[in-house]
Amino acid sequence: MQFQYENAYDVKERIRSKRAAILPIGAVEAHGPHLPLGTDNVLAERLAAKLAERTDSYLLPTLPYGQVWSLRSFPGSLSVSNEALVLLLCDIGESLHRQGFRVFAMVNGHLGNGTALKEAARRLAESVPELKVYHFFYPGSKDTIARVRESPPVHGAYFHACEIETSYMLYLAGELVDMDKAICDIPNIGDEADCTPTPWETFTETAVLGDATLATKEKGEAIVEASLAVMAEMVNRAKERASG
Amino acid sequence: MQFQYENAYDVKERIRSKRAAILPIGAVEAHGPHLPLGTDNVLAERLAAKLAERTDSYLLPTLPYGQVWSLRSFPGSLSVSNEALVLLLCDIGESLHRQGFRVFAMVNGHLGNGTALKEAARRLAESVPELKVYHFFYPGSKDTIARVRESPPVHGAYFHACEIETSYMLYLAGELVDMDKAICDIPNIGDEADCTPTPWETFTETAVLGDATLATKEKGEAIVEASLAVMAEMVNRAKERASG
Amino acid sequence: MQFQYENAYDVKERIRSKRAAILPIGAVEAHGPHLPLGTDNVLAERLAAKLAERTDSYLLPTLPYGQVWSLRSFPGSLSVSNEALVLLLCDIGESLHRQGFRVFAMVNGHLGNGTALKEAARRLAESVPELKVYHFFYPGSKDTIARVRESPPVHGAYFHACEIETSYMLYLAGELVDMDKAICDIPNIGDEADCTPTPWETFTETAVLGDATLATKEKGEAIVEASLAVMAEMVNRAKERASG
Amino acid sequence: MQFQYENAYDVKERIRSKRAAILPIGAVEAHGPHLPLGTDNVLAERLAAKLAERTDSYLLPTLPYGQVWSLRSFPGSLSVSNEALVLLLCDIGESLHRQGFRVFAMVNGHLGNGTALKEAARRLAESVPELKVYHFFYPGSKDTIARVRESPPVHGAYFHACEIETSYMLYLAGELVDMDKAICDIPNIGDEADCTPTPWETFTETAVLGDATLATKEKGEAIVEASLAVMAEMVNRAKERASG
Amino acid sequence: MQFQYENAYDVKERIRSKRAAILPIGAVEAHGPHLPLGTDNVLAERLAAKLAERTDSYLLPTLPYGQVWSLRSFPGSLSVSNEALVLLLCDIGESLHRQGFRVFAMVNGHLGNGTALKEAARRLAESVPELKVYHFFYPGSKDTIARVRESPPVHGAYFHACEIETSYMLYLAGELVDMDKAICDIPNIGDEADCTPTPWETFTETAVLGDATLATKEKGEAIVEASLAVMAEMVNRAKERASG
Amino acid sequence: MQFQYENAYDVKERIRSKRAAILPIGAVEAHGPHLPLGTDNVLAERLAAKLAERTDSYLLPTLPYGQVWSLRSFPGSLSVSNEALVLLLCDIGESLHRQGFRVFAMVNGHLGNGTALKEAARRLAESVPELKVYHFFYPGSKDTIARVRESPPVHGAYFHACEIETSYMLYLAGELVDMDKAICDIPNIGDEADCTPTPWETFTETAVLGDATLATKEKGEAIVEASLAVMAEMVNRAKERASG
């Protein structure tokens, strides 16, 4: 299932049968006192592994560097530019296409990568239109999140190291969470943050956007599994179309 | 030791004491019937882990995509451009510098990445001269290789899936080698291959450049450890200068 | 108030007193049967004029070409790349800074420009940190929209030629709306549209996303004025900080 | 006639019949005490409107930012790079082609844009050879200028805010000219200005290159109409060829 | 005098005393039946040598590839892009500055290079403002040309392989001219050639723009020497300012 | 034989018969006290002339600027970027292809150009696959060098202004060598120089890497002729394939 553990003699035929490649992409970024810097990598990798399994697709090695503009001044954050990401992802997509893949699903664990992933997907739609490209950031999770969450969201789009993301980790990588250190920190993010470049140190010292102490494995499981089902359905449908 | 498993609260102080970050970089590339596509990633990662340990440095997550022009038409190979790699590595280097690192060592498992790594190192020497940048591709291994090898090299610069590289894997990741499938395939690579773009399918069908059946864990250990000692000395000296 | 109608002899002193420049940016794009192709330009321009007036700022000439990837195959749409927009906006921002401006507010009438505007604002935050840069796309309008709308939104982020946008036009440029031609067309936009490049012809033939017949000038006025108040407050605060 | 006031339902058929799109492009730039900063925008826009009318073509919205290197330090000037302009104009040209246009005429009001317009036209000649591209900067006006001018030219190529350009404005936009403030300022521009980067503050304080007091509406009309006739003939011929 | 024939031990001191470097730049381009493809290179090189001698400056090796868009389809023409030229010239200029030069004069033998040279000079004016940069294309020759020419010019800006350019060659490199093959070919170049991309095969089969049979060494000498005097004066003045 | 001395009328037919173009490319770079700055240009040019003669190919004018990162701080060195070189070489290659050439051999006199030449050759292999591209840096010389050299090499890859390169000059351009000034300077270049950006002033003051006093014309002849034979054979074979 892990592409890089196959050998070149066996892989040719298997690509032809699997047709789909799943790329986890995350970031190295401050996630408060209770979560590791690599949280987004771990989430993307484990989510992608599940997706690969459910859709009989290949799991590619994780791309562990992401665009972390907002948190780049927090200790431990490493940030790369949209430009570098877009070029790299287009190269990977074109290589996959040349190898015979027809579905390329990027499983993204870090919101900040969204712009680069969308741009890369659009460029690939021009250069290799035969390749169906997905960029997933927990699609189809909205209703479940609304149902299970106990603390209100602190922002319309951001969630970070909070009840929600910590729950994901508890479900997918509980061994990396230190709930004893989990905190509740509810920042006041004004309208202005959406209208002007706003590094997060402007409104938080902890990088925790909400109440991480409310996180549970069960909440994580509910949301992650709901999203997985949505992703799996899309990938499976695309595989069918590619074979049809 | 693994940077991405630290959290943002602890990491600040530790960066200040460790000073050095080690980045493994490899590729996904055909390596014959007995080695996995991710051989260069596995080698870079394990070598880098040893280097981090010996020098009390941070190990960064592996960058698993490389420039695979020569083998890009072999089953399973994925190739990215020099341009994308250079941009990404410069971004990572500048981020490390902003975080307080003063030594950045790239441990490269794939010869084809050499051009991009050298270019990135030179650009970083301009943009963040305070950061000492290394690009390692088994430095200081020449004499030991000459001593232990039983089959002659097939080319002045290339070694691939052969006695030497297979020995590295037997030492660092024996569980991923299937010696029962190892073969001997000695291609005739003419002068022209160094003077004009020459995809490797021109001279090999197997992607094995030599006699992989002669590989042993002992040979791998001898070479890898010799190189590790050389790398560790450079990194340690650079750390001292950075603290001095 | 209109910057381009000033002359070079008078303008120097006035820039020093006004400090802020407002740039309308829109697009030429299909907007159904009842709205003109230039709807986003007209909205941006008139909104920006009001903002300039309320904040005693200069109104710059409208940049009338935008990124219209999603609708580029609809009759009349003209699309430019994010890359071109970002370069142009950075050049304009740096010129404004050299001229003595300290606040640069882009009033955007077209959602598709959002990525480029955000990227330009971030680059300007590096190159001319003294210049406060805003990218406004109807900020602070969410609650009012929720209150006045009679038809449900067809998507979490998109609104287009619908009850809402048509209401904006009725308030700001009623003479350009032909309500006799307004239609109701409620497309079914699946989750997949957010996860893969999806030109809008996939789900709509009209480019109207909802019920344009429900539009009224009053709804438009309520939303636009709410948003104007939010923008004006941000710009005024920034002007004060720049003078302080 | 104004493209952006059409709607998407009607425009498709009309593009097929008109075939030609006229783009005014100018700049925001110091033009002495008697002319507005937007002089080049106003001239381009009104000239383009006349050209569109005479050739039954579509008038596109004005691109109001240009390359103003030479005057960028004068109060009120805004300058964008050749690179940004070229990218934007190529994008617009390719979009026009996709929409069915076969003639794209850029009516330029600002000499400094010439390099970018010529480069864009050449790139479009490669990428969309079916599209005939013109870049007009008062073509065919030389003889008439020589005939009507009373003051000698101060430079072989430049004219600016002088007898000639002020006359254009008196004819095309008299309401924006304040002849009471018109001055005569005859700079001494040496050979060196053509051989080395020479910002205009080197040789003028007013940005008026000659005797603006001699400007008349009649001179402007004579020159502008002569040039219009030349442009109209080219566009009409190109339209015929495109339909033939 | 020829920079590349100096050695590294002597050159340091001499750069400090000479201060100025002269770069010939030409092109490989069709020049009719009587002139060689390298005419522009030969002219630039010999003119530059004279200029270096008169101003006690260093002569750099000739850059023999230029932008030949208009004639690129004629036999023997080789064309490079503006982009490549600009990058290369900026690199050379910055290197010269680092070496201690303070005046950099490009002696251009090919009109088509003008755009790139001007752009490079402007970029260098930003990056190394201490370096005075000239781009010379026969400056100060206008009056002499008007005086000596017997055939009228066929275009306001172009001259090529004609009475004028052939005269330059007769004066500077007579041994490379075959006057027996010289022809008279007067093309009709309409206004349109200045307004739309127009490869020269549109209006000439010979690439001779005028009457080459009227060329004489004396005409060439008169024009070239007039221009040389103008160039020498500018360079000498710049050298004085740099030393002052 | 020299391309630029042909005229456009004769050259068309001759290109069709010769098929191959040889481009010398060198650099301006410090070469110790006994060799000129233009050593690499002179070597490339004379070597290329011999190759053109032996293979009945066209000799192109020399590109005399190269990538001189390592020595750029030595007196007299001029350096251009890989990026500029790659663009220029790709443009030249594509122009040659358009002119009917089918073999393009770059004869390189400067090791530092190797990266750019290899990259350019690969890009041309994509854009004009019909054109066979060579990048030669003394191919096939290894055995002869090993046989004739009296002093040991100071580095695995670099040779510079030493016994070997001085011998090349004595054979190809003896009039430019001042053997009275030749010196022996054996630097200690550690492993680190291959692993981190290392300007040569770190390990040498003279830029002579070895014992130049041992150079002889005979050694130069032996090596150069051996390499010429290898190059000629490759070019001739490629010409045959192109005609076949």
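The letters A, B, C, D, E and F name the chains in turn, as written, and every chain counts its residues from 1.
Keep this in mind: contacts are C-beta pairs under 8 Å (C-beta built on N, C-alpha and C of every residue); 3 or more make two chains touch, one makes a residue touch a chain.
Note that the coordinates shown come from a computational prediction; the quantities given were computed from them, not determined experimentally.
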Under the touch definition above, the chains in contact with both subunit A and subunit E are none
Farthest CA centroid from subunit D: chain B
When subunit E touches subunit F, do the two copies use mostly the same residue numbers, with over half shared, or different ones?
same
Based only on mean CA positions, could you tell me how far subunit C sits from subunit F in angstrom?
57
Compute the distance, rounded to whole Å, between the mean C-alpha positions of subunit A and subunit D.
49
Express in whole angstrom the distance between the two chain centres, defined as the mean CA positions of subunit A and subunit B.
27
Multi-chain touching residues of subunit F, meaning two or more other chains, are none
What kind of graph do the touching chains make: line, ring, star, complete, other?
ring
Given the touch rule defined above, the chains close into a ring; going from subunit A first to subunit B, what order do they follow?
A, B, F, E, D, C
Can you check the complex and tell me which residues of subunit B touch subunit F?
69, 82, 115, 118-119, 121-122, 125, 132-136, 139-140, 142, 156, 191-192, 194-197, 230-231, 234
Which positions of subunit A touch subunit B when the two form their complex?
2-9, 11-12, 15, 28, 30-38, 41, 60-65, 72-81, 83-85, 87-88, 91-92, 95-96, 98-99, 176, 178, 181, 207
